[in-house]
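I've put the structures underneath this note.
One chain, chain A, links the two complexes that follow: it is found with chain B in the first and with chain C in the second.
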Partner chain A sequence: MKQDNAMTTPFVDQYDSLKPELPGSALPWMTALRDRAMDAFSASGLPTQRRESWKYTNLRNLTQLELDGQSLAPRPVSIDRAPSLLPDGSAYRIVFVNGDFRADLSDLADLPAGAVIGGVAALSEDEPECVERLLAQHKGIEDQPLVALNTALMRDGLLLQLDAGCKLERVLEVIHVNSAQNGVFAHNARNLISLGAGSEATILEHHLGLDDSAYYINAANDVTLDEDATLRHYRIQAEGKNAVHTSTTNGELAGNSFYDGYTLSVGAALSRNETKMNLTAEGANCHLNGGYLMRSQQHCDTTTVVEHLAPQTSCREVFKGVLDGRSRGVFQGRIVVRPNAQQTDGHQLNKVLLLTDTAEINAKPELEIYADDVKCSHGCSAGEVDHDALFYLRSRGLSETSAKALLIQAFLAESVSEIGAVELQDLFLEKISDWLAV
Partner chain B sequence: MLEIKNLHASVEDKPILRGIDLTIQPGEVHAIMGPNGSGKSTLAHVMTGRDGYEVTEGEVLYRGKNILEMAPEERAGEGLFLAFQYPVEIPGVTNTTFMKEALNSIRRYRGEDELDAMQFMKVIREKTKQLGVSSDMLKRAVNVGFSGGEKKRNDILQMAVLEPTLAILDETDSGLDIDALKTVADGVNLLRSPENATLVITHYQRLLDYIVPDFVHVLASGRIVKSGDKTLAQELEKKGYAEFTGQAA
Partner chain C sequence: MAATVETVDQVRALADDKYKYGFVTDIEADTAPKGLDESTIRFISAKKEEPEWLLEWRLRAYEQWLTMPEPEWAKVDFPAIDYQDAYYYSAPKTKEGPKSLDEVDPELLRTYEKLGIPLREQEMLAGVAVDAVFDSISVATTFRAKLAEKGVIFCSISEAIKDHPDLVRKYLGSVVPYGDNKHACLNSAVFTDGSFVYIPKGVRCPMELSTYFRINAANTGQFERTLIIADEGSYVSYLEGCTAPMRDENQLHAAVVELITLDDAEIKYSTVQNWYPGDENGLGGIYNFVTKRGACRGRNSKISWTQVETGSAITWKYPSCILQGDNSVGEFYSIAITNNMQQADTGTKMIHLGKNTTSRIIAKGISAGKSQSTYRGLVRMGAKAKGARNYTQCDSLLIGDKCGAHTVPYIESRNSTAQVEHEATTSKISEDQLFYCRQRGIGEEDAVALVVNGFCREVLQQLPMEFAVEAQKLVGISLEGSVG
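And then the complex of A and B:
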């Protein structure tokens, strides 16, 4: 499926010249993997709206970035402090600036035995077997053009690997700071997360634009949870308002493992957060929750695919959106229950508040059920701020603005309350208040 | 303190209030009674500034100010309070958060200092004690899962906390058992002072045994068709509104 696609060309054309300086270029398996990925990417091109799963999101904004020969090379900017959300010393911290790992801003002291945390680029040199193993666990190249692109050009990202039974007692804060003040850039971040049997980690990940400059982040996240492992993965996407952010998470969840995800999206001109979870064995459970708050002409796409491949697997999704101005939200939620996946439990909810007549939501829930003994429900709704509630609050003295803010906050709180690490909920509520206060 | 002059209001071009005149002096309790659909709630809503109503004629002066021009929150700041016929459920907002925001908004409007959490809790404790209501409902989301009686009690608690100068009670007594009715009466009587006034909209004479009105008005088809003292309420209880609905039609 060769696509004649103006946005695809810059990436394809530069691949050969970039190749020698990409991390791991001395590793034959890595080069072979990149080559295969670039072949797949140049065959498919960047996804266009002709693809069913990209019907509502158009990456044409990327052409406006005018990516050139320099844009795919590192563009360091100088930062001497990481904008952390957690008190110093209370969390492990790993910082990436314009995609590159910054050891000087990170704090990875006192890691427990059995834990490896670091930048993928550096670890490709130091622990190539580990990187190879983690990269081999997922195969998203064929049908996921953005993952293919990422695989061909990936530079750096988080590597988290826990041996069986290893528990990270502190939250791992992952900070991605970006700014195109030294020129427009596109970065392919690869985050590899692999949790051994019974291990446990909590990640607070935030993506932050330092200014309004334009750049492109294409992240691919590989998550593997072995039996009984638990990953709590909470994210804040607050890229600069002219940035483009695409993120694809592929998860493989073994028996009785638990993925608890929450993504709050407030940034970027255009963003897509795609999550595909395979529940491969009995007892695998995933929670995919989130909130998206958009204004002016922002576009935010949330796409989830949950595959129930084994009996007694469960998923729960609660998404809340607030759309102001002429912003646009997309929610595509697919739940597939394979024939042998009896006694599965799927629950999906996407509720949206439209603050203006010009804001828009495209919602597409899809249930594909091939087993007969399942409990699956989904609900989608879009509406305005409750008029009666607004008057009730105002009649008690609250200004229209604060009454609205209170109602919106309460609306979103319903999704925030799904965050399993209760102590982190306030942080998300604060981000929501910050958005409302603008 | 309140002067309603020749007030006409429509909903979707349908005239509902058709020339209301009503004057309330400080310290007085007025009762408005009348059949269903006569415009009682409409009057309460127009006074407190709910949207969806068009005032086509007349004015409402509160302490000399034309309040029809004001936003609902400004009217609240001026001292108006409406206990709703149907209090609204607000999921996700706790009663405490809501009442603290409300009280501080009104204090700001009046140029008073805001209360911090401690000072606010002191006020709440005092009011719940005076009204004999349980403080359990403070932690719950506003009116969510409340019984009919709890919702009305909650409105009365809000009234006691916000200390309005003119309280309007829109059928707050409907569907209440005798204990809840007493809470309502306690709330109103707590506020009574030579400076404050109360407008009680009710269907039944029952509440007026506890909140004794100085004046009783009959509202039918958007007009006040009869006014009198508390004996009028007793009379209406016996005879019903047939006389007025007939007359107005």
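And then the complex of A and C:
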């Protein structure tokens, strides 16, 4: 499916010259993997709207970024303090500035035995076997062009590995700070997360634009949960308002493992958050929740695919969107139940508030079911703020603005309340109030 | 520009030539040779003594058809169609029908019996030459006289092209343009017959119109074209198809139906489709690729689609409504039952353009055996569709663990005052319900039929009465052999 795509060429053209500088270039398997990925990417090109899963999202914003020959090389920015959301000492912290790991800003002291946390680039020098094992699954190269692009050009990212039974007591705060003040850049962040049997971790991931400069972040996340492992993975995407952010998560969930995800998207001119979860064994459970708050000309795409491959697996999705100005929201949710995956439970809900007549929502909630003993449902709605509720609040003396804000907050709270780590809910509600206060 | 004129001239010259040729062939044989090319289309057009504009329209459609790729997005799987290995005019229809009921497949007769269809009708359905007692032609004529009194035009589309060319020219292809999709395009190029209905201003059609009674519509073949126009303030209920299984041997059916309602008009279109679904191993069966679309052009107009789809090996059908007029209403009620190796990909599109337009979608899918059933729909709220509303409900029922049920709704809203609601569920037939029925002495198959009928009730209620009774029985028959 070769497609004309002016944006594909810069990436392909720069690959050969960049190759020697990329991390792990001394490792033959890594180079082979990168070559394979680049071949796949140059064959498919960047996804266009002709691809069904990209029907509603156009990556043409990328052409406005004017990426040049230097854009794929590191663009350091000097920062002396990481903008943390959690008090010092209460959490482990790992910081990436423009994609590159900054040990000086991170706080990874007192890690329990059996835990490896660090930057992928540094670890591919120090612990190549570990990186190789985690990358070995390299899913998505063939059918996800952005993952192929990422695999070919990835430079750094989070590596989290917990041995069986290891529990991270503190939240791991992952901060990605970006700014193109020293020139426009495109960064391919690769985050590798692997939790051994019975292990547990909570991640708070924060993507933050320091200013309004334009840049492109293309993240790929590989998540592997062994039996009985639990990962709570909460994300705030607050990239700069001219940035492009695409993130693809591929997860493999073993028996009785639990993935609890929440993504709050408020930033970036164009963002896409794609999550694909395979529930491979009995008892695997996955929650994919989120909220998206968009205004002016922002575009936010949330795409989820949950594959039930084994009996007695379950998933639950609650997404809430608020669209203001001329913004556009996209929600594509797909639940697949394979033939032997009996007694599965799948629920999906997507609700959207349109605040203006120029905002737009495109939703495609899909069910694909090949087993009969299942309970699956999806619901989807779009509309405006309830007039009766608004009238009620106004009759009690609230201004129209604050009455609306209150209703929107309540609307979004339904998705926030799905966050399993209750202590973090307030933080998300705060972010939502911040957005409403602007 | 000059080049275009030249091409047009060339085409015209060719057309004149071929026309003479076609005329000669006309006398010699009643059958177009196998295969499809320009001459087939000229032959059909000449045979039907069509005006020049229609022939040109057909040829334009054919040209576009050649360039169009086969649609592959639907969740159906079948070997590529050999368009050259088919007759496009009359041939498959000229073979002799059975002389009496004794020659008809006994299995078919048993089904008729279960449906409670009178013997005379059985004969007609099975294609037995109709005898003098049941003179359908006279029946049709009686109806026609009654309709003519009210000014209703109800005839075959070929007659309409001759007798009411202005109406046909104005509306044909105005809802489904010939380049709409590959199958509609093929239909536009080679359609041989179909129905035409025009209800004049303010007339409420005194009876339910049905192809069943219009004998010349029998065996209209693979490429049927239906055009229904309801003028201001009029109403018509149109029934299509037949509740008894038609043993049609045509593999490919590519029909096009266009509905148009003007101010305050209403069209209710009901279909019961029970074509040959193929055997248990998926051999044979009809490919039903139909493009149905209605345009609510006027204010307060309404189009309501009701369909019961139980037959065909492959169903590819999306009856849609374009809600242009303010306050217009679109409805879609559907039951799709698949058994054995059947595949159905069906649903609707509701395009809201006018203010305060409302639509309602109730789709029930039942899959049994190794079949696959998909609901695929689109609800689009345009930027000007202030206060528009949609409610969609898709329920799937699975019987057995080898079948599949899928839901693929697209929801696009560009207006904050528009409200869209979509709900879908998938479940299997409840053991408790079955047990309850069995305990009261109801056989397993009957119990399943009973539960399924309950599941479909909302849609069955929308059917005209006589239809509903037969459709209910049909639900049971379609699921035979799916349990136990």
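Just a few scattered comments:
The working rule: the second predicted complex is superposed on the first by the 437 of 438 C-alpha atoms of A that agree within 3 Å, B and C clash if a C-alpha of one lies under 4 Å from a C-alpha of the other, contacts with A are read in each partner's own complex, and residues count from 1 in each chain.
The rule is simple: contacts are C-beta pairs under 8 Å (C-beta built on N, C-alpha and C of every residue); 3 or more make two chains touch, one makes a residue touch a chain.
As the structure is a prediction and not an experimental result, all values here were calculated from the model.
With both structures placed on the common chain, the touch criterion links A:Asp388 to chain B but leaves chain C unconnected. In the overlay built on the shared chain, the residue A:Ser399 is in contact with chain B alone; chain C does not reach it.
When chain A is checked against chain B and against chain C, the one touching more of its residues turns out to be C. Within the superposed three-chain model, A:Glu414 lies in touch with chain B and out of touch with chain C [touch as defined at top].
Those residues of chain B that touch chain A in the complex are listed here as 48-51, 71-73, 75-77, 81-82, 84, 87-93, 97-99, 101-103, 105-106, 109, 141, 158, 162.
Contact residues of chain A toward chain B in the complex are 386-389, 391-400, 402-403, 406-407, 409-411, 413-414. By the touch criterion given at the top, residues 52, 339, 342, 352, 354-384 of chain A touch chain C in their complex.
For chain C in complex with chain A, the touching residues are 73, 381, 383, 386, 396, 398-428.
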